[in-house]
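Multiple structures are listed underneath, in structure tokens.
Shared between the two complexes below is chain A, which has chain B as its partner in the first and chain C in the second.
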Partner chain A sequence: MSAVTKTANSPVSVSANSKEKKSMPTIIVGLAYLLPSLLLFSVFLFYPMIKTLYLSLFITDTQGNPLNFVGLQNFLYLFTDPNFLQSMKATFLFVLYTVPIGLVIALFLALIANEKLKGIGFFRTMFSSTMGMSVAASSVIWMFMYNPTIGVINKVLNLVGIHDVQWLLDPKYALVAVSISTIWMNIGFTFLILLGGLQNIDEKLYENARIAGVSYWYQLLKITLPMLSPTLFFIITVSFINAFQTFGQIDILTKGGPTDSTNVIVYSIYKDAFVNYNVGSASAQATILFFCILLVTALQFKLGERKVHYQ
Partner chain B sequence: MSITRKWTTYLLLIAATLVLMFPILYAFSISFMSGAEVLEGKIWPSSFSFENYRDAFEKVPLLHYLINSFAVSIFVMAGQLLVSSLAAFAFVFIKFKGRDAIFFLFISTMMIPWEATMVPNFLTAQKLGWINNYLGLTIPFFALAFGTFLLRQQFKTIPNELYEASQVAGISRFRFFWNVVLPVSKTSLVTLGVYSFLTTWNMYLWPLLVTNTEDVRTVQIGLKQMQTQEISTDWGVVMAAVVVVILPTLLLLFLGQKRLQKGLTQGAIK
Partner chain C sequence: MIEKGAFLMKKVELVNIGKSYDQKTNVIQDINVTIEPGEFFVLVGPSGCGKSTMLRMIAGLEEVTQGELLIGDVKANKLLPSQRDLSMVFQNYALYPHLTVEQNILFGLHTKKISKQEQQKRCREAAEMLGLSEYLKRKPRQLSGGQRQRVALARAIVTHSPICLMDEPLSNLDAKLRAKMRSEIRQIQRKLGITMIYVTHDQTEAMTMADRMMILNEGNIQQVGRPLDIYNAPKNTFVASFIGSPPMNLSNVSIENNLLVFEDRRAISMSTPHSNLNGKKEVVVGVRPEHIQLATNDNTSFIVEVDNVEILGTETLLTFHMGDKQWMAKWNGQWTIKVGERVPIFIDPKHLFLFDGDTGSCLHYEPSTEDLTVKGALV
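Our next item is the complex of A and B:
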């Protein structure tokens, strides 16, 4: 993407070579610079990931100590447990509701904000503003907007004759309500990435198109979208992963309810581990989450590789 | 661009801004309302009163939470900048056997969802005595693959000849890193810094797990608590707190939007 010109590797001069030999071997020096990262990744990412995989095969006590090895029984139990199946269903529906719509809206915003107009910087800033909003703050605002009696959403719906929708208390609407607020929260980030992608497209392509006199839509379909495909591919993967990892808005808006309709997987893990103290089951669910995300990433790499146009 | 197209675009831009910004403006508006006005479901306050703001700071230790959040965010930002830039330097300037394998290890960290590791991490934090402790809120986040990739992209633009010349001149690697590489990469460091601060300030799940007293509780968790305690009675106060919480990050975003966008696309796509 960025035109990083490769500097020709000039042969290392003799004096530099002799100096190298006197000092420490490069591998030690290199590892020293990498040590802080490697250490932190080991302690707070690789070790706990392996521990999660390990604990998922055990029945544990409330402190998370493994008691007896049960093999895949935690998983077998989960896949027959209606609560977990409901949680999977809620997660997939949530992904389905948020990812495509969020992407289309952000793409639309990026396209109109990519025009060269006076004052466009102002609009770009506005469109990216939700990126500066925390999940907690955004959720509190949306909670108020969804309030059935004093919230603005029902006030507006009243005007068109729809009354008393219990957004967050009705199992039919709760997941939709959480999804709408999530789409809003993610727009800023998705917009910013897509705008960056649009601005990286070579201006000359558009000049040629202008000379050829093609329509806006033709240009959009034949130049903009194909050239944007690496960015689109990236942001789709990230959006999928983010959707699988949703927690904050659920915790504040619905606490997984009503009747588990918004009990997405991370919330379910959280509840099992820190409310029910069932660490074995929580670990098995975390393992499933890990493989879901691995699958999405692998799948998109495989599918993306063929369809994506790289510059 | 034709006149019609220009005005259609402006119209779309303005309409989109109004829709998108509505929740934020609404929160501002509510924060100035009296309790009665909130319950009437008004959109705009009849007069602007700062009473809710005063109450927000008096009824909950909001200032204390704000200071905690600032401390944690600044600390994580500094840590991420240092740890990521050290790693990026090794990936660009120090060639050694096995470096590519380690680079692959860095990439693989991006495939591990942090939430899948939270239970053992919580147990680790407990063992280290990091519950209700700044260390627990900050140190686990110092290493950042994304930050390393972003800075690596930047460091690659520094001519290798410069590094070789410094070696010949007998300047130590660390001095080259500190006195040459970091100063010329200021822009990327600022970008990453803004990103670090934003994400840390807005962090939710981990602070929820590792804080259960007011001591080091961050402002996001403070908000959650306010909202559960004050629900339906004092929405104006809650919204005042919301505004106080989002102002620092919104300002930071408004100032750094352009850089952030550039940095995110650079670090992300490459």
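Our next item is the complex of A and C:
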């Protein structure tokens, strides 16, 4: 059985057959393989995206049905609306507070956790543990910690002589407070990715540096950071996108307040669409956010790619 | 050009060196050896024998847990790698992929308080010596394996360190390039007079490059000496089977009335009764493949049935059964022999090695009288 059948089934004869029969063009075969993901993306991503773009050009009723076509009116209105501009400002400040600081802290933790010491696994687990916490759970914990009367943060500050700070109620501090808790929540993931990147660096590169006798900082600047650059690039991009899209902790901690100081753009979209039932304006904001993220990511690829060394 | 003597020569001394990772079992032990200034010293052994660990201990990348390490008469056990004044070439070259060849070669030179001009001068010299001058601005990934190897070598040379350590530097290259780099490294070492400590698992590299070599097995020194001395007088069966290609043929025999009797009851006579056998009856006999000759007329030792024939152009390798083992014979020239053919062979008793059956140590050999030289020949 075996020998004869195998020859008949060999790849050579199949390709000969396909030429004779004129089988399906490869494009159709390719699309068939893509079909499952195309279907899912279409339903949950492409359709909503196009619908959002469409709705952003209309005045809608409270159900979200388009009433009048107004062109770019929604956008023009937004750019003169002080509330929206405040939203943009809050978003950019939030990104500025959370991304660089979170990255530096995570990088520091990854560097110290990358040392080969006894029991280092314990620290690695601890440092990455915030990854296992849901945004809701961590937000509630932080809410208690920020509480002006029973919160541990003010208790500690009192000890060093600083009087009660209304963390989540004072417009001056609310965004900072939310940023701090966001940094804490994101560190686990960032840390884990960076640690993985560090462990991929060939140990021999450091051994050569030890024999050459260069300092720790020189090694960090000339070996570690360049070799880590693909990982850094990835995590910076992901962190930026995440920061732009923050919602959960805002909703739980401040609900956009006080006086819109933490009303970041995604929260503003949510409020417009589902509280004020102004779907047209919300769609326009979502479109603006989309292009903001697109721009920042494209910029990163353009600038980052040049500095990134891929092996 | 870099002159000989630009490098200070230094010796390296290992006194009772041992290494243990868990304070119980030693991965290497009782290493005593002095590596002379300007010597090409090869550490050779099968994988896992501890040769790389030993090199890394000399480099300071691994802690010395026992004994004393002296570099140029200074105790170096606790010195940092950078304080030991040595350079190292790694198996995978350890080049920095984001730096150019030039930056790679000059990496870390600033710590040695060398002026920029001097750095440039050394870089140019080393690049010229290794044929890298055109590639200084390239990145390592734009180079071939052999060129990367040369960059790693250049990086060791520019430090002007008196001692250079090499950890299997050629094992990532193909066979042809390996042979070329072998002689190139040897020539550079000779030209600069560096003390070279070279680790390899390849006995050919060891034989062809070493001034002296150390054979290690399971963390113990088997033998230290000049390659030919080791080849001609292996101390034990391990060395005998490790050095030489194909390796020495070994079989268990028993001694009966001045005869060495194989397990299949075939026998061969010893040249003279040997006093240092201490009445041992069970020994291991060893014969180098090149000492098994085709028998002429009446001196046949055995008739053997050929299991396999390999013709290499200048020589022919025959495989046949001898007692419980397969043996190999190496004959010069191209022989037409069929598998299964019965061939008479002759083994001169003076070429026999006898090893202790239990400890493997060499009991008897006759010093080689072969001495081929061209001195005095008409040129």
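Keep this in mind: the second predicted complex is superposed on the first by the 278 of 311 C-alpha atoms of A that agree within 3 Å, B and C clash if a C-alpha of one lies under 4 Å from a C-alpha of the other, contacts with A are read in each partner's own complex, and residues count from 1 in each chain.
The rule we apply is simple: a contact is a pair of C-beta atoms (placed from the backbone, for glycine too) under 8 Å apart; a residue touches a chain by one contact, two chains touch by 3 or more.
In this text, all values refer to a predicted model and were calculated from it rather than measured experimentally.
Asks: Check whether A:Met126 is in contact with chain B, with chain C, with both or with neither, and answer first, second, both or neither.
Replies: first
Asks: Classify the contacts of A:Val29 with the two partner chains as first (chain B alone), second (chain C alone), both, or neither.
Replies: First partner only.
Asks: I want to verify the contact counts: of chain B and chain C, which reaches more residues of chain A?
Replies: So, of the two partners, B touches more residues of chain A.
Asks: What is the contact status of A:Leu72 with respect to chain B (first) and chain C (second): first, second, both, or neither?
Replies: In the superposition, A:Leu72 contacts neither chain B nor chain C.
Asks: Looking at A:Val104, would you say it contacts chain B, chain C, both, or neither? Reply first, second, both or neither.
Replies: In the superposed model, A:Val104 contacts neither chain B nor chain C.
Asks: Scan A:Ile211 for contacts with chain B and chain C and give back first, second, both or neither.
Replies: So A:Ile211 only meets chain C here.
Asks: For the complex, which residues does chain A have touching chain C?
Replies: Of all residues in chain A, those touching chain C are 202, 204-205, 207-215, 222-223, 226-227, 229, 309, 311.
Asks: For the complex, give me every residue of chain A touching chain B.
Replies: 1-2, 4, 7, 9-10, 12-13, 15-16, 19-20, 25-27, 29-31, 33-34, 36-41, 43-49, 51-52, 55, 63-64, 108-109, 112-113, 115-117, 120-121, 123-138, 140-145, 149-152, 155, 184, 187-188, 192-193, 195-197, 200, 216, 230-231, 234, 238, 241, 244-245, 247-248, 251-252, 266, 269-270, 273-274, 279, 282-283, 286-287, 289-290, 293-294, 297
Asks: Of all residues in chain B, which touch chain A in the complex?
Replies: 1, 5-6, 9-10, 12-13, 16-17, 20-21, 23-24, 26-27, 30, 38-41, 43, 82-84, 86-87, 89-90, 94-99, 102, 105-106, 109, 111-124, 139-140, 142-143, 148, 153, 156-157, 159-161, 164, 167-168, 170, 173, 198, 201-202, 204-205, 208-209, 220-221, 223-224, 227, 235, 238-239, 242, 245-246, 249-250, 252-254, 257-258, 260-262, 264-266, 268-270
Asks: Once bound in the complex, which stretches of chain C touch chain A?
Replies: Going through chain C, the ones touching chain A are 59-61, 80-83, 86-88, 90, 92, 94, 96-99, 107-112, 141, 155, 159.
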